[in-house]
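Dropping the structures in below, format is structure tokens.
Two complexes, one shared chain (chain A), two partners (chain B, chain C).
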Partner chain A sequence: MKKVVILGGGGGGAILANLLPREEFQVTVVDKSPLHFFQPGNLWIAFKGVKKEKFLRPLRELLKPHVNFVQDEVVEVDLQNRSVKTRNGKQLGYDYVVFATGAELDYDALPGHRKLLETYGDFYSSPENAEKLYKTLLGMNSGRFVIAVADPIYKCPPGPHKGTFLSWELFSKRGLSDKVKVVLAVPVPHAYPSKTIADIIEPELNARGIELHTFFTANEIDLDNKKIISLEGEELSFDVATVIPPHRGPSYSVTPESVKDGNGYIKIDKYTSKVEGFDDAFAIGDCTNAPTSKSGVTAHLQAEVVAARLQGIDAKYSGRTNCPLITDGKGLFIISDYDHPPIPVRFSKFKRLMEDFFVATYWSAIRYPEFWSPVFKAYFEATDEMIRKGEGW
Partner chain B sequence: METILTQERREALEKFLDMLVKMNELGLLDTIRDLPDPEFIGRLSELLMTPGTLKLLDHIDDLLDLAGSIDVEAIKGNMPLIKAALEALSREPKPVGITGLMRAMSDPDVQKGLGLMVELLKAIGKTKTK
Partner chain C sequence: MPEITVDARGMACPGPISALTRAYRNANNGDVIIVMATDPGFEPDVKAWIERTKNELLELKKEGGVITAKIKVVAKK
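Right, the complex of A and B next:
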């Protein structure tokens, strides 16, 4: 029996734990929280008022009974001595370790950011703050609601855009589309890093009268004067604002330090998820330096790859993304991989339905990944073919 | 148990159990139990999820509207024509030059067909002049 210690029980860690055959592996998941949170739920909480409980489940229930769960915080990982230390003094040895602790959001990097978060809430940090943001938005009857981004690397690249469309929808439903201006400020040259996708999004933003600012990297928040100042020297006034913060890799100590890059992300082989320099250490999900979108899909696909590799199969992650961008009525998926930029996709009701279906099957997919594997496999193979042929969808 | 089983729930549970008994007699419970098989799900998924079906499904709302606007009666009424056209297309005809065309035009069937072609051309042309 090989001992596998998985750090983090989020989308990546929980799926991996449930995929590994119990006959071959003794699996332990370490997570500081007893609850597993479906992070995209923040959008529904912040912009549709859905209660956070819908997206929270005890991690113990999501892990198969044979998986060990240690509810504790990782404080040190020693890759050379194959040992993990926790806040409460536990020491876990392993044959394989998998980093799946996600990205850390830094609300202290930008002056004024933490105060902004405490005042209005947001839809990135926590379900509680998402509930706070919903309350804030409900109390907004006029003025400017600004969504800005502090750094180009953040989880869920279409997140700010979803927030934009869904908040517009919220104000529109309340009859306030003329009174409240929704503003989206992004640090890139177009509405979206990929021009192909930007060309599809921009008409939708224009049709709704949403104000778009490009080349705007949020750098400072002046809450007293209610403005956001960018690195580029521009200022955006707001009545309510939320800024997606800079993200970092895990802050707990990892030895050797060299496995972390300049932003703290764990350096991996982008195809195999192996930690650079080690045969018995892997990393999946938002905590890695993989040059693709930080998203649940990435974590899921990397979990499948690591599960296969631990069983001797030469599986590789292609860098595939499938980020949903929803505008309530319609949706699209951003489909790309390491070797191909996003393919042209259209907003459609069908894709929006697919997203609903995915959300509804999430808990099942975490608990029984082997059941949903063939479904996901068929979908990814079909859409991979579209990528290969350069077709749109 | 008493607090969980309210009168309404007891009734619903009894009906549900009766339904299960019926399904079991019909062998349906065995089917439902056996269907979620990874191979079956895999094959079904592969069938339903090809680039072709994904593209088709993406337009499902438009396609359904389109299908609803089709004059089904007209198609049914013209089935013999459609079948004949398809048959002719599969016959691999020899190329025909201007003299061959002139000769063909003396055939009454060809004359009727040409008349139809003219009506068709007129109808198409009309939509372009709008």
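Right, the complex of A and C next:
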């Protein structure tokens, strides 16, 4: 029996734990929280007022009964001695370790950011802050609601855009589309990093009278004068604002420190998820330096690859993305991989239905990944063909 | 002068322009950022970025499917 220690029971860690055959592996998941949170739920909480409990479940229930769950915080990983240390003093040895602890959000990097967060809430940090943002928006009857981005590498690349469309929908439903101006500010040259996708998004922003600022990297928040100042030297005024913060890799100690890159992310082989320099260490999800979107889909696909590789199968991750972008009633998926920039896609109600379906089946997909694997495999193979043929969808 | 290399070859969405903007956040005036990309969209994006941010494009070359941009950071406040 091989001992596998998985650090983090989020979308990547929980799926991986549940995929590994119990006959071959003794699996332990370490997570500081007893609850697993469906992170995209922040959008529904912040902009539709859905209660956070809908998106939280005890991790113990989501993990198969034979998987060990240690509710504790990782403080040190020693890759040379194959040992993990926890806050409460536990020492876990392993045959394989998998980093799946996600990205850390830094609300102290930008002056004024933490105060902004405490004042209005946001839809990135926590379900509690998402509830706070919803309350803030319900109390907003006029003025400017600004969504800005501090660093272009953050989880869920279409997150700010979804926040933009969904907040517009909220104000529109309240009869306030003429009174409240929704503003989106992004660091890149067009609405979305990929111009192909930006060309699809921009008309939708224009049609709703949403104000777009490009080349705007949020750098400082002046809450007294209600403005955001960018790295590029520009200013945006707001009445309510939220800024997606800089993200970092895990802050707990890892020996050797050289496995972390300049932003603290674990350096991996982008295809196999193997940690650079080690045959018995892997990393999946937002905590890695993989040059692809930080998203649940990435974590899921990497979990499948690591599960296969631990069983001796030469599986590889293609970098495939499948980021959902939803507006009021419609949706699309941003599909790319390491060798192909995003294909042209268009909004449709059917794709919105598919996204709603993925959301509805999330708990089942975590608990029973073996049932959903063939379904997702068929979906990804069909859409990979679109990438190879250069087709849109 | 400090050289920052951003290897964005074989990068999926969000892609090399995001990698450049991220490197720019952490760079200082006088630094040189070298970005390598295989996404053809990077060429018009980096030109637009240079024009808008007023940093200096020292070199832009295309070889064997790889676009390499050498940028001098001058415009940070």
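Everything below uses one rule, namely that the second predicted complex is superposed on the first by the 393 of 393 C-alpha atoms of A that agree within 3 Å, B and C clash if a C-alpha of one lies under 4 Å from a C-alpha of the other, contacts with A are read in each partner's own complex, and residues count from 1 in each chain.
As a working rule, a residue touches a chain if its C-beta (ideal position, glycine included) is under 8 Å from a C-beta of that chain, and two chains touch if they have at least 3 such contacts.
A quick note: this is a predicted structure, and the numbers were derived from the prediction, not measured.
> Put chain B and chain C onto chain A via the superposition and say whether they clash or fit.
Taken together on chain A, chain C would fit alongside chain B, as the superposition shows.
> Where does A:T383 make contact in the superposed view: on chain B (first), on chain C (second), on both, or on neither?
The first partner, chain B, only.
> Does chain B (first) or chain C (second) touch A:P157, or do both, or does neither?
A:P157 sits against chain C, while chain B stays out of touch.
> Touching A:I147 in the superposition: chain B (first), chain C (second), both, neither?
neither
> Determine, under the contact definition given at the top, whether A:V306 touches first (chain B), second (chain C), both, or neither.
Neither partner.
> Could you tell me if A:L325 is touching chain B, chain C, both of them or neither one (first, second, both, neither)?
Touch partners of A:L325: none, neither chain B nor chain C.
> Return first, second, both or neither, reflecting whether A:L212 touches chain B, chain C, both chains, or no partner chain.
neither
> What is the angle, as a multiple of 10 degrees, that the CA centres of chain B and chain C span when seen from the CA centre of chain A?
Approximately 100 degrees at the chain A centre.
> Residues of chain A touched: more by chain B or chain C?
Higher number of touched chain A residues: C.
> Quick check on the superposed pair: does A:P193 touch chain B, chain C, both, or neither? Answer first, second, both or neither.
second
> Touch check for A:E370: first (chain B), second (chain C), both, or neither?
The answer is first: A:E370 touches chain B but not chain C.
> If you stack the two complexes on chain A, which partner ends up touching A:R346: first (chain B), second (chain C), both, or neither?
first
> In the superposition on the shared chain, how near does any CA atom of chain B get to one of chain C? Answer in angstrom.
Once the two complexes are overlaid, chain B and chain C approach no closer than 21 Å between C-alpha atoms.
> Same chain A residues contacting chain B and chain C, which ones?
The answer is that chain A has no such residue.
> Write out the stretch or stretches of chain A touching chain C in their complex.
Against chain C, chain A makes touches at 151-153, 157, 187-189, 193-197, 215, 217, 231-233, 246, 262, 270, 291-293, 319-321, 323, 334, 336-342.
> Within their complex, state which residues of chain C touch chain A.
Interface residues on chain C, with respect to chain A: 8, 10-15, 17-19, 21-22, 24-26, 38-41, 44-45, 48-49, 52-53, 75-77.
> Quick check on the complex: what are the chain A residues that touch chain B?
Answer in residue numbers: 346, 348-351, 370-371, 373-375, 377-379, 381-383, 385-386, 389, 391, 393.
> Write out the stretch or stretches of chain B touching chain A in their complex.
Listed in rising order, the residues are 36, 38-39, 41-42, 45-46, 48-51, 53-55, 57-61.
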